[in-house]
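A, B, C, D, E and F label the chains in the order they appear, each numbered from 1.
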Amino acid sequence: MDSGNFIGLIIGRFQPFHNGHLEIFKTISKECDHIVIGIGSAGLSHTFENPFTAGERHLMISHALWEQGMDNFFIVPIVDINRYSVWVSHVESLVPPFQAVYSNNPLTRRLFQEKGYEVRASPLFNREMYSGTEVRRRMLEDEEWMSLVPGAVADIISEIDGVSRIRDLMRDLF
Amino acid sequence: MDSGNFIGLIIGRFQPFHNGHLEIFKTISKECDHIVIGIGSAGLSHTFENPFTAGERHLMISHALWEQGMDNFFIVPIVDINRYSVWVSHVESLVPPFQAVYSNNPLTRRLFQEKGYEVRASPLFNREMYSGTEVRRRMLEDEEWMSLVPGAVADIISEIDGVSRIRDLMRDLF
Amino acid sequence: MDSGNFIGLIIGRFQPFHNGHLEIFKTISKECDHIVIGIGSAGLSHTFENPFTAGERHLMISHALWEQGMDNFFIVPIVDINRYSVWVSHVESLVPPFQAVYSNNPLTRRLFQEKGYEVRASPLFNREMYSGTEVRRRMLEDEEWMSLVPGAVADIISEIDGVSRIRDLMRDLF
Amino acid sequence: MDSGNFIGLIIGRFQPFHNGHLEIFKTISKECDHIVIGIGSAGLSHTFENPFTAGERHLMISHALWEQGMDNFFIVPIVDINRYSVWVSHVESLVPPFQAVYSNNPLTRRLFQEKGYEVRASPLFNREMYSGTEVRRRMLEDEEWMSLVPGAVADIISEIDGVSRIRDLMRDLF
Amino acid sequence: MDSGNFIGLIIGRFQPFHNGHLEIFKTISKECDHIVIGIGSAGLSHTFENPFTAGERHLMISHALWEQGMDNFFIVPIVDINRYSVWVSHVESLVPPFQAVYSNNPLTRRLFQEKGYEVRASPLFNREMYSGTEVRRRMLEDEEWMSLVPGAVADIISEIDGVSRIRDLMRDLF
Amino acid sequence: MDSGNFIGLIIGRFQPFHNGHLEIFKTISKECDHIVIGIGSAGLSHTFENPFTAGERHLMISHALWEQGMDNFFIVPIVDINRYSVWVSHVESLVPPFQAVYSNNPLTRRLFQEKGYEVRASPLFNREMYSGTEVRRRMLEDEEWMSLVPGAVADIISEIDGVSRIRDLMRDLF
């Protein structure tokens, strides 16, 4: 809480949390005293694009980071508000105060810049492979996906039977 | 995540987090492997009953618990949904899975019991003194309040100028 | 559906459905070919003022009317919209078309009159005794309440353990 | 209400109610003592995909079933809630208690299964012809559509001038 | 739009617009190039505290100011958002940009101050007499009220039969 | 306010206000004593389809009309309600009373006709060139766009740096 404490905010959907996210957090955590991790679209779940609840994603992120020995983070679910003009205030009210935002999303960047925040680019790591879309596609098509996510995340998805959920959501009964 | 992992949920408004909350958490943490701390009425702020935002309360709780050497907790803001019949599902979707709920609130107890959860009573510690109402009253009337809250909470309230906010909200200009 | 078909709308909270409601419906059903019964505040439940869900109230009303041999009614839950200026349109979109509204509530009467509807007064039957407030008070204080409601309603409340719910909601643990 | 009373839930949009729906209800009604019919997306109307209000659909279903001599059903409009994680609780609060769900929709099936319900497949009847999409297409293109719906439904659509509404919604003025 | 253009924001409920409001606007209009008039609680109507719709209040204000030869104002209805932490952003998104806020309300003052706005006190004029509460009380009790409001407002209330609405809302049928 | 006062309603998104809108307003203003201009989708901003806030659009319209010497108009932001069955009541509650609606949109026309309003076609002026889509496309691709909008609108877009906003929203960082 002293003035030397630098807090960075990063927002993602984490459907699911994968090794690309982990690498970003490792890199950013060197620049920040604490990271605030916003779980975006926290109200969405049970669709192919957004299979996991905010609570399940909270569990994945925290266990994956603890597994790495990291503990200087806050995790905050952020329910969509669908009014971009008030979205930054919405985020500000839900998360601890922060000094900079990490994002490559044009809308997120613009909204925080208009409110006067410093916005930094996120580092990127092999986006073709390390993406939620690719992980979900492999789960659906019964390909190998565990190597794309941290061990703790694979354990949690197995425990909540996440692959079945994704396949059930895409199954046509007739 | 193994089957021996017992997670307890406790929900409060924490306006602000005080020593009574801290004692409860210390007691409960002996019974649980992890505690999920739900920040209730997360959308409310800037009123005398609910002066602090969910983000400010998140900061207070995490720093107060870290100060005690505790780190086996998750903090999750829970925005009101105003439909009691769906409230337990709303909470379930936002927090990591839990096995028991700690609450003395009759409505909270009933709602979780109807969904089949084990509900335990929260331990109580000198409720006349250690209550959010008493802390806010002292702040408003310029009495000594810092002894009622953990040191980290006093620091955060000072940094965000929280006492001024409470007094301003109750000030009549004319 | 022929032009001689006269449909009357009546809206209540039915917390719970009691003999006063039943008498009103019997009287009105002589003036109407069909009655549309709107369950008001359908989203509210689990409070002392509104203990029962819309689904439970639906069950009470239908069984109580079937018990009387009545079947010329529609039951429609109406979730609150909290914008009186659009409330009549909200009701119109949820219920089958109707020709008259039965109500003694000043706001309801005014809102439907401003939209051009014929509004008739509801007949009243011993309002001190036959009121939801009185039924709930007797349940809470363990007085005789079953004589105030139709037999089918007493059976349903017993089956869903409704009296326990009301008492639990008012119970102070300490 | 005795323990031998088996209630099945089936949810559809019924835009409009057609002969395929009627056949499903006839089949299911042999397995159930009562059917709860949920009108899904009850808030939607006046679009080509969802032309009719919940009230109009309520009227269609009840008259079509009465025409068949059926009266062991409840009809309940269900407004969308757009949070799948709380949707089952939302439905539970609006409809009378039920023991099984009839659905072929993968999401509906999964959501009710996760809450522990028995989910049965709906019987299907000539889905190319008996579908809301086909009925609306024929209405728009001025083809014969009345043979696809029960007589009572054709009467109601005629009375509310439903075909004009569908054509007007698709008409380009210039 | 040049940099010398000073715009002041003032928000009220205007239930109804009265001579006290008019005096405030006359005074403020000397300090500002344009006034932005926010109609607060724009969604509320048809209650004793908030009898008139936002549209009716819009009409009252514009005609009363035009009657005075004023035309350097914008009127903007502002629907409540019930999240104080995002309320200033909500207002900012609905109204033209402004440089200062006129308010005596402690919450409004605090919220705009926290976002860095200059907040000025509103001038006050005989608040016992010139208040919406007093105007509505006189209407209800059939006392003389027209002298408390501008002539144009009295005309509009008469045209929309506003006094009857207020009396109907408070009338007990039995 | 006398009975000879004819008020016409016209609703658009005005993203941004262009010369086509201006010509429509000039034509309509000859048929009406006052025009009520509804800013549709008032809650949307910061997307390529809807870049400007309701407040910014309010400013554009009022300055463009004042520039023409017009002052017989009301501007009212109308936030989407996403329930077409209540949309007309929603609009009625926000705007001053009106006698006719100008629209070429099939849905808008149908909804107001069902409520008994006179609906007139809007005059159209070179829709290929004078359209919000074309103005935004030219801004994005750095083509000449100022000739498509009134001078006051070009000034305001320049002052709020609107072209940068549109380009930022479409920019891919990597």
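Basically, a residue touches a chain if its C-beta (ideal position, glycine included) is under 8 Å from a C-beta of that chain, and two chains touch if they have at least 3 such contacts.
All values reported here derive from a predicted model rather than from experimental measurement.
K.L.:
Considering only chains that satisfy the touch condition with chain A, which of them also satisfy it with chain C?
P.N.:
Common neighbours, chain A/chain C: B, D, E, F.
K.L.:
Name whichever of A-F and A-E has more C-beta pairs touching across its two chains.
P.N.:
More C-beta contacts join the chains of A-F.
K.L.:
Based only on mean CA positions, could you tell me how far chain B sits from chain D in angstrom?
P.N.:
Whole-Å distance between the two chain centres: 44.
K.L.:
Can you give the whole-Å distance between the Cα centres of chain A and chain D?
P.N.:
38
K.L.:
If I count partner chains per residue in chain D, which residues reach a count of at least 2?
P.N.:
Those would be 43, 45, 53, 83, 85, 92-93.
K.L.:
Chain pairs in touch?
P.N.:
Applying the touch rule to all chain pairs gives A-B, A-D, A-E, A-F, B-C, B-D, B-E, C-D, C-E, C-F, D-F, E-F.
K.L.:
Under the touch definition given earlier, write down the residues of chain B that touch chain E in their complex.
P.N.:
43-47, 53, 165, 168-174
K.L.:
In the complex formed with chain F, which residues of chain C make contact?
P.N.:
Per the stated touch rule, the residues are 81, 83, 85-86, 88-90, 92-93.
K.L.:
Show which residues of chain C lie in contact with chain E when the two form their complex.
P.N.:
Checking each residue of chain C against chain E gives 82-85, 104, 106-107, 109-111, 113, 121, 124.
K.L.:
Given the complex with chain A, which residues does chain B contribute to the contact?
P.N.:
Going by the criterion above, the answer is residues 1, 42-43, 45, 53-56, 58-59, 62-63, 71, 74-77, 79, 92-97, 152, 155-156, 159-160.
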